[in-house]
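Each in structure tokens, the structures are laid out below.
Presented sequentially are two complexes of chain A, the first with chain B as partner and the second with chain C.
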Partner chain A sequence: MSGLANVQFWAFVGVVAGIYTIFALGLQLQFGFTGLLNFGHVAFMAIGAYTMAILVVKVEWPLWLSALVAIAVSMLFGLIIGLPTVRLRADYLAITTIAFGEIIRFIAVNQQTLTGGPQGTINLTGAGRASSYNREWLDFQAWAQDQLEVILGDHATRDVTMLVLVWIVAIVLIILLQFMVHSPWGRVLRSVREDEDATSALGKNVFSYKLQSLAVGAAIGAIAGLFFAFQFSFFSPQDFDPLTTFFAYVIVLLGGTAKNWGVPVGALIFAFIFAGTRFLDFWPLSEITSADRAFLRLIVVGLILIGLMAFRPQGIFGKKEEMVLE
Partner chain B sequence: MSAPERNGTILELSDVVKHFGGIAAVAGAELDVRRGSITALIGPNGAGKTTLFNIVSGFYKPERGVISFRGERIDRKPPHAIAKRGLVRTFQITKALTKMSVLENMMLAAPDQPGEQLWRLVVTPRSARAREREVHQKAHEVLKLVRLDRLADDYAGTLSGGQRKLLEFGRALMRDPTMIMLDEPMAGVNPSLGLELLDHMKRLQDERGTTFLLIEHDMEVVMNVSERVIVMNEGRVISAGPPDEVRNDQAVIDAYLGTGRGSGESTRPTEETPPGEGETA
Partner chain C sequence: MNELLQLIANGLVTGSIIAIAAIGLSLVYGILKIVNFAHGEYLVFGAYMALVVNVTWGQSLVLGALFAMVMTALLGIALEFGLWRPIRKRGAGIVSLFIVSIGLALVLRNSILLWQGGAPRRYDVDVFQVYELGPIRLSLSQIVVIIVASVAIVAVGLLLARTTLGKAMRALSDSRDLASVSGIDTDRITAYTWILGSALAGLGGVLQGLVQNAFEPNMGFRLLLLIFAAVILGGVGSAYGALVGGLVLGLMMEVSTWSALPADGVDAVYKPVVAFVVLILVLIFRPQGIFGRARTV
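Up next, the complex of A and B:
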């Protein structure tokens, strides 16, 4: 049980929770506030991460520029997927977005010269020549670590520095999104979620607002992809399987639909469950090999989701009254 | 109906056709609504009244026909564009934004809020905030008018059926429309409040020249409030004119009572309130 007291380990869990927070915030805007059933959200994360890595390694652009372009490209894809599909009924949108997510992943697998193929970004410049995209980020992180040492002393490790950076971005995004959804713009999004016909009968262009929601959510998904890439130094297509989108839904539902501050709470719970299953090493679970025990996390996540739906369907931050309104 | 003088007409439909499957819901409807009038659209169930509303407000695309509003063709325009031109409609089956407050329902409806565009929210946040204050003020006034001011902070989803009708009427008023199309505005609204709403419609008509077109089953309301009645049956307009004229029109009587039963039984259309829709005042 030594891992339980390990600061580094929990810092890592916190970083993952932070990345998932950012990722799920994009979905919260699209699904929670606008009612768009986007089941391909992971694609925006993938597009953000891959675009940045490819631009840095192959085009040799500076990291910050590549990152900004990556966000813009992700938004563009949000518009491209939205244009033909957003007019569809909610269930059709769900199906087409799943397909979109998988198409992006299969492109990443098969377009080896562009993406490095199944081995991931380490093969970006061809097999046998390990390539990295995050040198500039590591320099920045080292600089940030130096600043943190002034406050935290020896505790300011690489992981703790990342923890601080990810959560600064996450919290800034939450505050920004809170402002946005409570603005007149956000009011239109919420009204689209409630009733599209009523919204358009009141002079609002529903189609345009759905596209905007999709694009802004895509940008936020791309930011999560950037941090994912920075944290793990390299990544491959399998990091962006449909399960990742499902996890974001778990986080949104756990925290409460249409509650921005529910997202970090949901993400923290999710990340702790996910990492925490490794501590289930007591009998009788110790009879199972540790590799097999890793699958327990999915069972636990599933059980929590079932429990949530049964006992607190509105999520942690949600309001019960809202669940019964029709 | 023959075409009336142009300047007096605010809404004009000619030869509008819409099918659902093999059924012609609207089969070449011709009608015009005079500027500043209160006009009632009546007819038996299935006559095509609500379909016609959906076509005029842009929710259905007609297969044929021309619709012009204030001299401009609107038959190919989307609903939001039609609403922006000053033609606002309400729904027979109310569409409250249930998980938003009653006040938010009102404020959403307001036109010309620059804060509804992201870039203006960033570039000109002050104009958005200033407009928001005006809208807030106006929303409270309208809520008072429809007697929902005490429920301003409640979820719209907690309102009763009648209150939702009032909410929809209020939302339409928030847009300061040139013309309002009301689909059974009185259904489920308590009679005394219904009368107040009628008074208010008349006041808006007097003061601002607002035009009203309403689908209504309550013949007392229809005969009292409207200067003109348009009668539809089987997707066509079968009669139009002042209430007294229309109520004695044989075609109208036949439509309501059925031609098979002979015409001698009744000389005026009875209240047409089939089961399940009988909440007329």
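Up next, the complex of A and C:
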């Protein structure tokens, strides 16, 4: 792929940004609004993607039913991991949840008959029907592409269709979450973040609210997992290592904690750094081999995290008072 | 029975490396409230420093290990002055410091990848001679690890128990404010803690690189959660706890695979999962750790 004028390139950046927007929205609710330092968020994405793929392939359930069940299973896992852990102090919660995420990834690597093992969905589905689990999705996407052609004409390629679909879901979720965080329910979440003792003194069940936040965030993480599976029909446990959770933190912190509309902005910046350094090929990028670029990309991500925390912990749009700094 | 003895021996090897790495993490955690996610990368840095001496310059690995300890200590102290202290001065809290350490881990790991590539490397030593000690079979590298680690553990134990510096470190870890009003120069002791913890991390990295034969820059992250588990098992901030926590964790991981256990023991690939489950259970039922005192956690 060549320069910045390439539509396909921007469509790809946009799709990645859309999936990461959805993923990070779940974290925004848990971390930004409720103050839960969840470092195992990627597990919910993995559970969403794997549950859907396994149900379609092994149990031969219809795709849409499998997708709904996958979201429910992810919420259930959110509750299971949350029940014993949300009472813990922030740093302990972080370590426990990252351990939980690693346990899920280990299961995905080692329970080969269930998940396909290290090769992921290539093994899950068996030879010849490698990506068949998303056939119903491809049919739907083709239908959506036909509709889009009426408006966009020739520009309505497969990638552009995916772009539109992902962002419709992302924007619906943002609007939904905006309503939720501005409801009485959302105000309780924020008060939990600011002062747990004061919140329980007001008669609110802090424990229950934290669990609800974790479970709703888990459901949103699973939706991101579904789109991840639809977009990259081959996925493997490697895609769900803890790094992916850190990416979500970069996005939330870039856009600003407790700012739902900051998430897509953070995600776009992130996706541009991420996909841009992978596919753009003009000087000075052309001087660097692709393996080295992968390392440089992560160095940049690391520097962004450090820089944000040092100079602007509230992110681009956040308010300083809303950054959890206990 | 022989199998169990062998597993215990293996557990001591794994456990003593985790223990060495855990001391620094626990002291820094206790003293500065930094959950240092980059600690695994300190190990990797040490492992590669020894690699430069041993392979690139063709010197002995003993020299390499010493060089690794010095260089990792320098890295630790440089980061304290260049990164942690300025950020602390800006009033960053636990969560901010945690996120900074994640950024630092990414920068360090990928810098090492950029420098050395991701291919597995090994030290230029011949340690594959296997010795039979009764029913137990240990490779030379495993024996070296047990001996070096034991010496290091005893030395650190004595340092912490007997010297003024060690007492000051423990006092600071216990309560920064109380230590400060007792006239302890907290900045100076903090610097020494980084030096000690980083040097041990460097040594731990060399030992781990030696015992697992080939290593690459992701080795540190794979060890990190185990090190955290050891720290939490022993009680955050307690150096002795970290030592015991590391050994207990190493033994638990290995012995869990014993075939006499129900269901033939845990499948060996799930050894780290055993550690993660232990970590989660400890945090739920005894968050102050085995040696920690009950207080708000």
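The rule is simple: the second predicted complex is superposed on the first by the 294 of 326 C-alpha atoms of A that agree within 3 Å, B and C clash if a C-alpha of one lies under 4 Å from a C-alpha of the other, contacts with A are read in each partner's own complex, and residues count from 1 in each chain.
The rule is simple: a residue touches a chain if its C-beta (ideal position, glycine included) is under 8 Å from a C-beta of that chain, and two chains touch if they have at least 3 such contacts.
Just so we're clear, the structure is a prediction, and the values are computed from it rather than from any experiment.
For the composite obtained by superposing both complexes on chain A, the positions of chain B and chain C are free of clash and fit together. In the superposition on chain A, contact is made by A:Val301 with chain C only, not with chain B.
Counted by residues of chain A touched, the larger count belongs to C, out of chain B and chain C. Within the superposed three-chain model, A:Trp185 lies in touch with chain B and out of touch with chain C [touch as defined at top]. Contact with chain C, but none with chain B, is seen for A:Ala94 once the two complexes are overlaid on the shared chain.
Applying the stated contact rule after C-alpha superposition, one finds that A:Asp197 touches chain B and leaves chain C untouched.
Closest C-alpha contact of chain B with chain C, superposed model: 9 Å. Judged by the document's definition of touching, chain A residues 324-326 lie at the interface with chain B and also at the interface with chain C.
Within the complex formed with chain C, the chain A residues making contact are 37, 84-85, 88-92, 94-96, 98-100, 102-103, 106-107, 109-110, 242-243, 246, 249, 253, 291-292, 295-296, 298-299, 301-306, 309-310, 313, 323-326. On chain C, the positions that touch chain A within their shared complex are 35, 83, 86-87, 90-100, 102-107, 109-111, 113-114, 117-118, 221, 225, 228-229, 232, 267, 269-270, 272-273, 276-277, 279-280, 283-284, 287, 296-297.
Chain B contributes residues 57-59, 78-80, 83-84, 88-91, 95-100, 104, 107-109, 111, 113, 115-118, 121, 128, 131-132, 155-158, 171, 175 to its touches with chain A in the complex. Contact residues of chain A toward chain B in the complex are 180, 183-185, 187-188, 190-191, 193-195, 197-206, 212, 216, 258, 321-322, 324-326.
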